[in-house]
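Order as written gives the chain letters A, B, C, D, E, F and G; numbering starts at 1 within each chain.
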Amino acid sequence: MSERIARRGGLVRRLPLVAWLTVVWVMLWGTFDLGTLFFGLVVAVFVATLFPTPTINTNMSVRPLSLLALVGYLAWDLVISTARVSWQAVTRGPRATAGIVAVTLRTDSDHIIAMVANALSLAPGKFVLQIDRVNRICYVYALGMQVEDAESVRREVLALERRVVRAVGSANDVALVSGTEGRA
Amino acid sequence: MLAFVVVHLLVALALPFLARRSTRAAFLTAAVPPAAALFWVLSQAGPVLSGQTISETVEWAPLIGLQFAFRLDALSLLMTVLVAGLGAVVLVYADSYFTRGGGDARRSAPLLLAFAGAMLGLIFSDDLITVYVFWELTTICSFLLVGQAGLSRESRRSALQALMITSLGGLVMLLGFVVLGETAGTYRISELVEHPPGGTATAVAAVLILVGAFTKSAQIPFHNWLPAAMVAPTPISAYLHAASMVKAGVFLVARLAPVFLGVPQWYLPAILFGLATMLLGGWRALHEYDLKKLLAYGTVSQLGFLMVLFGAGTHTGAMAGAAMLLAHGMFKATLFLVVGIIDHQAGTRDIRELSGLGRRMPWLAMIAVLGVASMAGLPPMLGFIGKEAAFSAFLTGGRPDLLVDVVLVLGSMLTVAYSLRMLFGAFADKPGVPATKAKKPGLQAVLPAAVPAVVGVVLGLGYPVADTLASSYAEAFTPVVDPYHLALWHGFNLPLLLSAIAVAGGVALHLSRVQLTAMRNRLPRPLDAQRGYERIMALLERVAVGVTGRLQVGSLPTYLGIILLTVLAVPGSALLLRTDLPDDLRSYDDLLQIPLAIVVIVAAIAVLRSRRRLTAVLLVGVVGYGIGGLFIVDGGPDLALAQFLVETLTLVAFVFVLRRLPVRFTQSDTTALRAPRAIIAGAAGIFISLAAVIFSGARHAPPEASAEFIANAEKGAGATNVVNAIIVDFRAFDTVGEISVLAVAATGVASLILASRHERRKRSTRVPPITAKTTIKQPEEVRE
Amino acid sequence: MTVLVALPVLLPLLAAGLSLALGRFADFQRALGILVLGAIIADAAVLLHVADTSGPVVLQMGAWPAPMGITLVADRLSALLLLVSSVVTFAVLIYSIGQRITDYGRERSSTTFHPMYLVLCAGVSLAYLTGDLFNLFVAFEIMLSSSYVLITRRTTATRIRAGMTYVIVSLASSLLFITMIALVYASTGTVNLADLGEKVHELPEGLQSALALLVVIVFGVKAAMVPLHFWLPDSYPTAPAPVTAVFAGLLTKVGIYALIRTQTLVFSHAESWNLMLGIALITMIVGALGALAQNDLNRLLSFLLVSHIGYMLFGLGVYDVIGLTGVILYVVHHITVQATLFLVSGLITRHTGTVALTRMGGLAKAAPLIAVLFALPALSLAGVPPFSGFVAKLALLQAGVGAATWPAYVVTGGAVLTSLLTLYAMARVWTRAFWGQVKAPEQDPDPTDELVVGTADSNRPMVVASGVLVAASVVIALVAGPLAEVSGRAATDLMHGETYRSAVLGGAAGE
Amino acid sequence: MTWVFLVTFGLLCVAGLLVLVRLILGRSTLDRIVSVDVFVTMIIAGTCVGMGWLQDGSNIALLAAFALLAFIGSVSAARLVEKKEPYR
Amino acid sequence: MTTTPVKRPSWTTWDAPTERWLLSGFCRDGKQRTMLLELVARIAFPTVLVLSIYLLFAGHDRAGGGFSGGLVAGQAFVLRYLAGGRMDDSAIVSMRPPVLIGLGLTIATASAFLPLLFGGELLETAIYKFAVPPLGEIKFVTSVLLDSGVFLLIVGVVLDLLRTLGSGIEADVDAAERGQR
Amino acid sequence: MTINLTMAVVLAVLYSVGFYLLMQRSLMRILLGIVILGHGSNLLLQTAGGPPAGAAMIGTTDPAQMADPLPQAMALTAIVITFALTTFLLALAYRSWTLLGHDEVRDDIEDRRIQRLERRLAESEEDSAEDLAKEATQ
Amino acid sequence: MSLLDVFSAVCLIGGALSCLLGAIGLLSFPDVLARLQAATKPQTLGLILILIGTAVQLDFIYASGLILVGLFQMLTAPVMAQLVGRAAYRADSIRRDTLVVDEMGDRIERERRVR
């Protein structure tokens, strides 16, 4: 029953999606005129209506500045990590070591956990091997680490979580991550 | 004439329905059309015998010389007496012979009538193809009549033997007809007679046609089907295998003799094989105990005799042949019907078991005597007249002709001997054999037997009628100054002496029959036609099984290998032998082609070595992506896009299926096969690549159509993407076809995959499966 | 007017689409199929009439002139074959509807059979009509893909191997086909058949012959010419009767048609073609011998099918007007008769519950109607007069003798021998299955397997459909005169490609 | 500018061939899956460079499709491997 | 959102998200679920559909066309299947794949006949241009009808493959596992 | 117009590998062989149009520099058809697996029977020929 | 060479180098998990750099499409990594001797013993 209702849940709820799809359409055509926009809107509404997605409770609020900071951090991280991993590949090669570290996140939302995992996995060197969703544990694989590096890995992950939450998390989550820094 | 033939066949078609009600009505109804045909032909006898002919032509497919051409002349008139006259008689007789309402009766009535119709068509034909059409129809009727319900193995064998031998002849004859017709430019017999063609082709045609005549008329070495066919019910033997069908070959020789006058390939085999057949048939008849078999060998012998007479192609020979043809039909029909009555009433026809029937059935014995007398050539029977003429026919020529006469006399002796054997065997009182119990036959059985016997006597006494008939036919041959005439008395001359010798010799042979049989049993039998036939059929079977067993190995890899070998052997050799490599060879056109090529090549070769399914699939995916890359380099973005999309979807589909299959390939092939396969595959691959180089080097002009596409795409098809314009507009029809294939494939996949779900559903509602073998092996683990 | 040329392709495709979309309505599917195939018969008849009286009917698809667009051409040959084929497909449809109704009841709809069958018909029609080599490939694929589905429908453990053989060999030959098209295009720059006919002759001699031979092999696999035939007897016999009937009747003939079309219009041979004559002889003999070794009725018929492909190759090998006339006549005859025999074999199998001849017996008494339905096409196949097979065979023999070369004589002799062996094979079927003691029907070992529905009755539509085809073959014999005339004219057209070329390319031809 | 493109292509080609080596060596199926994924990415990159070189961007949307494809193929293959028995 | 499993879950099911990311009547068992994948699928699915529609319409002037468009749309569904399992309710209009295939074929073949109504040849294309003031000039090429038929059919084919090779085989695997236990 | 040697080698390898795989018993290998052959033939079709050139897009490429569009269109059709048939064969392999427990193309049973008969005939000489003749002519 | 060209050249060559380094890593690292790091991530960077380098060369109307490609790559690469890594772990196709710490394996062991 609730499914049906969720499905119908007006166009308003789907506005971000429609907007995104319209943007995609316009970017694909590369022509920025009224016609393209109009048809993009038509297509977006068509797709969004024909294939509805279930509602998800997200209290996300985007903070542009923090988001920009996050993107910048990720870009920098990408470059740095690439260099690091490449160095590993060239110098250590087959003798490279690695470890799997459990990190308990502080936030409890599918979205945030997924985004953290995604952001973490974007750069080389680390990625989330497994998520224990119920216990909010991310098992992070880190390349080139030694036994003593486990704590620093945990710290890095939690720092990333903080950045993500600040960029898109709800006020609640922000409160959750700030202050209690570095606790694992 | 066509009308009569058609009426026969139409009535035959309707008869099964009548026969279901009453077989008696069916037989009697069946007798009507032949009788009518006989009366009509006899009513035309006057003009026909005076040299006029009646012709009818119905076009069928003139382009290939197919037509029904009919002609009533003396020969066909004579044959009508046999075919239609005896047909009517036999049909009436058959009703008394067959069990009323029985399966054989129900089957035989329509078939006999159809046969009569086909026979009529045959004897009326004035066209080679028409002859063949009816010829084969009689063969088929004979097959069905001999086999009947095919209950016994013997009847099936005999029917098949008759069918095979006569069809063999028929087909060879057809070839002869075609050769003759194509050489002469016409298939009309009357035209061929008027303008006989010559040359090698005609000689070849003569031989081929003779083969047909020999098989149908049971000449050596094809004679054996005839005695074997005696498993048929007696009316059928009497009609088909004595009076009419077996005459078809002789009739054909008679018909075509004027065409092949003076062709040695025609008359030499006819005379030689005829003589041999006459002797052999007579000799075999002397030792038979089964009355029907005895008569059958007698028929073989007589057919040989007729073959000699007609094959000679002389005026007198033709006269004799005509007379003997008629005589034989009459007496043989009589004797068969008599034997049929004996068999029917006494339950046996073995002469060792029959005794005293002459006294029990004096009338029947009388009739038999008339028949036997004609057969033995005693005056005043028609048989005597014919034999006189026959002896005369070979007296005028040189030494070879005399030799023929000697053999004819020998043959006649044998004829007399087996005639006596038949008569005494059937009717005499035999010491030590108890008198056979037999009911007196009914009038409906005896009368039909009597009719031909009486006709034999009447035509003998009224020999001028027979003479007119025979002369009228013989006119076709080179006219002689003083033509021979049939007569009872020519004075004391050599033929009469020969007749006397024949009779005397025959009586002597009959008296010494016990010694003869003993002698025969001591003689080696190197040539047995029956064994020969069986050997050949066994050989055929052997060859069939051998060839098929060796070629049809049932192995798909082999079949595919053979296809590839054929590609290599046929166009491959044509290409290699007759062309050179083009001279503008380049090693590459775009630098990027090289790395992509390396990727494709390495991945493709790696597929061969991969043991795991998923690895192989991934490697094939890389090949596909690499080719997509090549498409991009080549300037085909649409193509590349499609290639990438399809490759991915293929990969996904493979993975879906691999969920269920084992991780590794099953290795079942022996390594021995690897090398030949690799060689074939490599050679074929190199051939195609070579062909690609050579063929692409042969074109120097850019394609016209493509320039047109580029010129018209924007205005005509509304597309600047020319490839797309081709797909949706210029060649949109291809696209429609292509999506149909997709739709079909998806439907097929559904029907295959969902089948197991249906089965599960069915199984859950029913008893456990009977054969569905679902061994589910848990796939191996993915691990190094 | 010219639209009529496309209807035999587009109508069944449209109907197939509707049939898929409305797959739940059994009666609708049946009615649609019958309606469309009936319409195609009428259409083909009109096309034949027009093509015969006023020349080829040419449709340039999308109004693009010939070398650009795809051209559909109904000349005498294609219209004639289309007509005969559509009669066969129509009858087979009736038969299978009847069979489905007896086996599953009236209400059951079929999501696969009807659409696939219609697509198959479209593919066959397109193969006859198209004037474009690549489109011919598409036609083959349409036809073959639906045949794959039909042959593997309701496949069982015992039959799946056969389906695989069929699919894989066909796929392999399709790939060769595409390769051949690529080579053709590489060397000539066109795929329009009429255009190709002109361009191919600009190639060096060796390339021409290599290409012609490659084409022979590509179509030879489909046509089952020896030694490319092995797949056929292993696969056809295992499909249900109507499927085998239409496969045997049509699919191989489409291969033959393609062979004839390409070898006359595109490539041409100066005199009688000895290689083809040799292949013809081997095909005839190997097929006939194969038939004699069989105990399975359907396999026997399949080998005979192979054998008689040899006749058609024979006429093509003679390569003159009368030879091609013979081929056309033979194809027309054989499409009908071979399909009929497989349908009747289906009736026999349902009656006896087995395909093994040794386990049958007494059918002539037990089922006289089946006996008649079997006997007539059997005799016709053996070339016994006055049936259609005789007419066609006679034309071929005349062609062989008329060619007056030693190879032609030898093959003519082989044709006669094959005729005899065919008759022998048929007579053996008769003596084993129809004569002898009546045997009780065999128990069906696998009731889910459609191939043998032991002791299931054959309802009236099935018998009527078989009867209609038997009647059709009789009619072919009856109208042999006009038919031979049309075939002769068609053969003349084939020998002189100008009619076709100028009809397709317009005034450009002959320059 | 041409040399830039040539160098880029050269580096990509070398990288591609290295990937090919891993693809052939394996050793596990997952290695191969990763290699295929990387290979497709290389082709995307190469195509992109080519479009830049030719100054023709009209078909750039293709790349979006390509990027999607590699992903789907790898995911499905990885799923297959994963489906087998769990750890130990 | 309280997930209190009766049995302690195997470690392989830890990845299951707590929310419903994709609309699906049937969920994969936890073992196969992946939060990240479902998230990506949720975002990518409509995006890829838009891409596919773009390809359909862009085909005339750039690489693409009904065929590629249909395949890309099909890939969207593949992605959705990989992430979320069976997709019985993926759209508001539920249509069995064979029906979609049939519809596509019908449209494509019917579009061949369409020009006849306007006096053209079979499969002939007409180009219409409209000037709609605010949107600019709109070009309509009739062959897009054929392309749409192709598009629909391909989508139907891919969906059918997912139904058969995807879910069908999955059901077989399940049945086999049940049978073994 | 001649195809360059690199492409010729690629074609040779693709066709050889495809043909070799085609002659295997494992249905999956055969299937891969068909896919590879499909790749080979599509590549051949494309290269039949001529050496690499610009995409056939009016407005972006000079018509003189355009690659021949027709082979591309044909190859596109061929790709789709090969794909369709590949999935079908895949389903067939799967069906074979569920029915038989293997995915191999084994030899034909009926053909095997005739081969056994042939071998028996070859071993036994004259005497059995008689029986066979009886069998044959029954 | 304009400044834009220089930027473009840096991006292109840098991207290609990144790809190459990734490929080297793919070849040299000991097990799937490590190779995964080396292969997929530098690819992402490399691709993005190349996209940027190309976008600079093209008209903006075309370059917009490249943004989509980049986004797509960034969205999917991590998912791919996680799925493959997880599969490798589940299928036990990793080298445990190179793992200095495995808190996940420890936990699984612990829970198994408890049970």
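As a working rule, contacts are C-beta pairs under 8 Å (C-beta built on N, C-alpha and C of every residue); 3 or more make two chains touch, one makes a residue touch a chain.
Protein names from UniProt, one per chain: A = Na+/H+ antiporter subunit E; B = Proton-conducting transporter membrane subunit; C = Na+/H+ antiporter subunit D; D = Monovalent cation/H+ antiporter complex subunit F; E = Cation transporter; F = Na(+)/H(+) antiporter subunit C; G = Monovalent cation/H(+) antiporter subunit G.
For clarity, every value in this text was computed on a predicted model and none was experimentally measured.
Colleague: If every chain is reduced to the average of its C-alpha atoms, which one ends up farthest from subunit D?
Modeller: Most distant chain from subunit D: B.
Colleague: Please tell me whether C-F or B-E has the greater number of C-beta pairs in contact.
Modeller: Pair with the higher count of C-beta contacts: B-E.
Colleague: Relative to subunit F, which chain's C-alpha centre is the most remote?
Modeller: With centres defined by C-alpha atoms, farthest from subunit F sits A.
Colleague: Find the geometric centre of each of subunit A (Na+/H+ antiporter subunit E) and subunit G from their Cα atoms only, then give the gap between the two centres in Å, rounded to an integer.
Modeller: Going by mean C-alpha positions, subunit A (Na+/H+ antiporter subunit E) sits 16 Å from subunit G.
Colleague: Distance between subunit F and subunit G based on Cα centroids, please, to the nearest Å.
Modeller: 38
Colleague: Could you please state the distance in Å, as a whole number, between where the Cα atoms of subunit A (Na+/H+ antiporter subunit E) are centred and where those of subunit D are centred?
Modeller: Averaging C-alpha atoms per chain gives centres 23 Å apart.
Colleague: Indicate the whole-number Å distance between the mean C-alpha point of subunit D and the mean C-alpha point of subunit G.
Modeller: 11
Colleague: Can you tell me which residues of subunit A (Na+/H+ antiporter subunit E) touch two or more of the remaining chains?
Modeller: Subunit A (Na+/H+ antiporter subunit E), residues with two or more chain partners: 24, 28, 30, 117-118, 121, 128, 130.
Colleague: Check each residue of subunit C (Na+/H+ antiporter subunit D) and list the ones that touch at least two other chains.
Modeller: 10, 13, 16-17, 20, 61-62, 111, 115, 134, 138, 141, 145, 148-149, 152, 155-157, 164-165, 168, 172, 179, 182-183, 185-186, 234, 293-294, 431
Colleague: Multi-chain contacts only, two chains or more: what residues does subunit D have there?
Modeller: 9, 16, 28-29, 33, 35, 57-59, 61-62, 64-65, 68-69, 71-72, 75-76, 79, 81-87
Colleague: Spell out the residues on subunit E (Cation transporter) that touch subunit B in their complex, using ranges where they run on.
Modeller: So the residues of subunit E (Cation transporter) touching subunit B come out as 59-68, 71-72, 74-75, 78, 97-98, 101-102, 104-105, 108-109, 112, 123, 125, 127, 139, 141, 143-144, 146-147, 149-150, 153-154, 156-158, 160-161, 163-166, 168-173, 175-176, 179-180.
Colleague: Once bound in the complex, which stretches of subunit F touch subunit E (Cation transporter)?
Modeller: 55, 57, 76, 80, 84, 87, 90-91, 94, 98
Colleague: Which residues of subunit A (Na+/H+ antiporter subunit E) touch subunit E (Cation transporter) in their complex?
Modeller: Its residues touching subunit E (Cation transporter) are 3, 7, 17, 20-21, 24-25, 28-29, 33-35, 38, 43-44, 47-54, 56-57, 110-111, 113-114, 117-118, 121, 128, 130-135.
Colleague: Which of the residues in subunit G end up touching subunit D in this complex?
Modeller: Of all residues in subunit G, those touching subunit D are 1, 5, 8-9, 12-13, 15-17, 19-20, 22-24, 26-27, 32, 35-36, 39-40, 43, 46-47, 50-51, 53-54, 57-59, 61-63, 65-66, 68-69, 72-73, 76, 79-80, 83-84, 86-93, 108.
Colleague: Over in the complex, which subunit D residues touch subunit F? Could you list them?
Modeller: Within the complex, subunit D touches subunit F at residues 54, 56, 58-59.
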